[in-house]
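Both complexes below contain chain A, partnered by chain B and then by chain C.
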Partner chain A sequence: MANLKQTKDSKAHSMGLHKEVLKGRTQQVFFNPEEAENFFYYGAYDVDFNKRTEIDAKDLTCNKLNEKINSFMQEGYGTIVVKNPQGKHSLGVGILNKLNLIFEGSLGYFGIGCIDGPVVRITGRVGWSCAENMMAGKVLIEKNAGSCFGAAIRGGDLICKGSVGARTGIDMKGGTIIVGGDAGAFTGFMMQRGRIIILGDAGINLGDSMYDGTIFVGGKIKSLGSDAIQSKLTPQDMDWLRRKLKVAEIGSDFDVSKVTKVVAGKKLWNYDQLEPTEKKGAI
Partner chain B sequence: MAKKKNKKIKKVSKAKEKESAREKMIGQHIGYRYDVNLLPDYKKITPFLKKYVEHMGWDDLNWLEDIHMGYEEGRPAVFDRNANGWVTIPKKIKLPNSQQDRDMIARELLIKFQMSPRHPLVDLKKAYRKS
Partner chain C sequence: MCGIAGLIHKGKTVNIGKELQDMLQALKHRGPDSTGYALYGEGSKGDYIMRFKVGENVKEGSSAINEDKSVYDARKKQVDKHIVDLGADIYQEERLTPYSFRYVIKYDKDLMEFSKKVESVEMTEILSLGKTLELVKDIGDANAVSKQYGLYKIKGTHAIGHSRMATESGVDIRSAHPFWGYPFSDVSVVHNGQLTNYWNNRRALENKGMRFMSECDSELIAVYLAEKMRSGGTLQEGMKDSLKELDGVFTYLVATKDSLGMTKDTMAAKPMVLYESDDLVALGSEEIAIRTLLPQEIDTYDPYEGEVKVWQI
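What follows is the complex of A and B.
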């Protein structure tokens, strides 16, 4: 028994499990005001936007293509053009670096998920759950997107110039989703933070069970979901909308003053005294 | 960091906020301790943040639009999503009263913290990162 315990300990140590300093949510960490100016995460690559290369994805699996993108970033390429993506799934995922990535064609499902930093342009369409769990960066899709567009995104700008499917921005916790066309049913379902802009019409149950965040709709709303209510558009909202639409490269002639603003009614909020820690974690 | 006039930190007074029936019943404030929907005022952007945005090739504050100066244990702090914890502002950093100014400072400090070699994720990456 004693030997077994010793073996477990040494294996855990060899895997580095005891080196971590993260102590959980209640850790008291202080900023160091003398921190040096640095724009790179630990382990990120220093890439040059002017250094450009191309990849033909025709005969590549998604794993191989993603590995190639990574190795080009390691070599310092800051602009990568992917030709013939042919609707393959899970392309361009997990990029935690600044990068200018261009897909000449369409992507399948779960494209460019879990990214933190890159600017991605897709000339075609995208399948389900495009940019799910996106952390930062900008993604611009020239045509339409499938359902669960921007599922659980936490930050960055996700733009679809065309229309999007159902449950767009489901469970989003930050960032901005911008749709040039129409959005399907249950858009903003259970959203917790962030903003959604729809220039066209919105389907049934818009913002159903939303905790927080804001939805701006330029067209008609088929119906509001449970606990989603209309709110007054402020001049600050309008300034921000004009700025964001410029960033999104759409709606240059769009009249932002006619937008309907939808927020959470907060009547479904049901925290009690036993849940303060969970409440903190939701932020 | 832009130089700001040093003023006393203004604490959010819970008494002034409207209490819902539910809050009265449970005797506890519901929700966030700051306005998570506050849109950034780009006139207040600091030179450091401008440089960061330019470096990343973005057009605006991007994900930093969702970063605000909040409170933890009654002290100003920023939530770091990468470490999943609140990072407290040291007492020697004096904060302005305007929430917009405070948010810009929070964004700047958060970037500096996340990119620091002392960030908790550095040790995790060293231990678990695929080569």
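What follows is the complex of A and C.
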């Protein structure tokens, strides 16, 4: 059984990050860097970013397009440009390695879901459930996004320069979601970890039933959800926001000192009171 | 899951039947059971266009039955007699399928009285009654229904449509969308979602004299809006009230002879993608529907929770 050792308080901890060190037979042992076979991902390839190709998606089904992306990665292409995606669903899903992927146009529902590592740029908009279950990487959307944007993501940076729909970051377990415009109702609904930055306004029930994590809002908040509370913005928060927005290439003239910080009240549920093993299972 | 779509051209007439057909066909995967069109065409010199059925086209889950053509003939005769008795003139009639008809009628009295009399004939339902509205619905996908009724030829300014996945009532025409806003001329509604206080509202509306022809929860929206207008309210007021009084998850489109509106519930639980320009507004449950009209790169967005929007032709 794992033991939990709490490290001393730090800047990270004061910002709501959690850095427990698990000892014993834990995931850290399981993913020992010496055991290379534990790092094998089915469908992950060595690619060269300077090797570039284009795909025209106009007459391709989503299956065919995803197969093409996969076969190009197999051939070592590290930069793939997809033209004419035309709002089709489930494009660019399940990419488990580093890749520069550019969509010149808009995606439909469930675009670039279950990714772990690629840097994706979408020049148009995305439909519902974009980047669902994203593990790592960076996704930048130039226009708007539909509802359930970044549902259940665990890591990486998910950036939308426009506005996003309802339930953005629902059930998210890590990573950062950055929204240049407004966000719809129930943003951060049941979020468990990670951070959401909204430069514009937030809809009703922001952070409803959130377990943990942090939401930063630059504009107005229509209403807070159940167990979501305002918290004091710290200098560390502002430093982090400045750096994150710079990396995300968004909000260069945004005044981070006017941000409202929202966290979980932890009246409904409190991870910090769990036994270590339960804690592992819950996240 | 169902698919809904709508479009409105501002200040021009186009091949609206074909445009809506393509949009709905793109949404076929959201609802393959039946397809319905509410097309606002060029009208018939100010006379009423009445589309009605005297029988059903039935698939699984329906309590209705398929009947012999002779039964439909007998019902049609009864309908014709009632129309003449009401003092209306039938200028033109078309039999589109064994069970469905399109009449052009001259009539200038109360539409509710007219509708009640016509619908007193067994299994008869007026699908639409209006100066420009052509409402057609049947079993099959958008291409099949359009071909069956020749809808791809209809020209007009705006339209709404629906591809249905039957979840709460049978696969038949009476449960298919759009629903006519009985007894209002030229009002139609399509809906994606579920209403959870259907029976409470239905009983209240029936007590006020409104009629229901199916047990499909979506019909409630059309009847609800019609009752609001009958009580002196505007369509837009009725749409705003529906956000508070209808419970459940819904996005619906409503059209009148010169406008198209959209309402999204306060949970924003049902999808809608919107494209808006100076001369065209197009909406669909999925962007791929809009892409059939505009394959080039366009700006679209999702309306927010609790939004009510209305556009004029």
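Note that in this section the second predicted complex is superposed on the first by the 230 of 283 C-alpha atoms of A that agree within 3 Å, B and C clash if a C-alpha of one lies under 4 Å from a C-alpha of the other, contacts with A are read in each partner's own complex, and residues count from 1 in each chain.
Just so it is clear, a contact is a pair of C-beta atoms (placed from the backbone, for glycine too) under 8 Å apart; a residue touches a chain by one contact, two chains touch by 3 or more.
Just so we're clear, the structure is a prediction, and the values are computed from it rather than from any experiment.
S.K.: Give one of first, second, both or neither to describe whether A:F49 is in contact with chain B, with chain C, with both, or with none.
M.R.: In the superposed model, A:F49 contacts chain B only, not chain C.
S.K.: Using the touch definition from the top, say if A:D59 reaches chain B (first), chain C (second), both or neither.
M.R.: After superposition on chain A, A:D59 lies in contact with neither partner.
S.K.: Going by the contact rule set out at the top, does A:W240 touch chain B (first), chain C (second), both, or neither?
M.R.: Once the two structures are laid over each other on A, A:W240 reaches chain B alone.
S.K.: First (chain B), second (chain C), both or neither: which does A:A166 touch?
M.R.: Touch status of A:A166: second partner only.
S.K.: Under the stated touch criterion, which partner chain does A:D255 make contact with: chain B (first), chain C (second), both, or neither?
M.R.: neither
S.K.: Between chain B and chain C, pick out the one touching the greater number of residues of chain A.
M.R.: Looking at chain B versus chain C, the one contacting more residues of chain A is B.
S.K.: Looking at A:K88, would you say it contacts chain B, chain C, both, or neither? Reply first, second, both or neither.
M.R.: A:K88 sits against chain C, while chain B stays out of touch.
S.K.: Should A:G108 be classified as contacting the first partner (chain B), the second (chain C), both, or neither?
M.R.: second
S.K.: Over in the complex, which chain C residues touch chain A? Could you list them?
M.R.: Those in contact with chain A are residues 266-269, 271, 273, 286-288, 290-291, 295, 297-302, 304-306.
S.K.: For chain A, which residues are in contact with chain C within the complex?
M.R.: Result: residues 84, 86-89, 104-106, 108-109, 123-125, 127-128, 143-144, 146-147, 162-163, 165-167, 182, 184-186, 203-204 of chain A touch chain C.
S.K.: How about chain A: which of its residues touch chain B in the complex?
M.R.: 15-17, 19-22, 24-33, 35-43, 49, 98, 100, 117, 119, 135-138, 154-157, 174-176, 193-194, 212-214, 236-237, 240, 243-244, 246-247, 263, 266, 269-273, 276, 279-281, 283
S.K.: Under the touch definition given earlier, write down the residues of chain B that touch chain A in their complex.
M.R.: Spelled out, the residues of chain B in touch with chain A are 20, 22, 26-28, 30-32, 36-37, 39-42, 48, 51-52, 55-60, 62-66, 70, 79-81, 83-90, 92-93, 109, 111-129.
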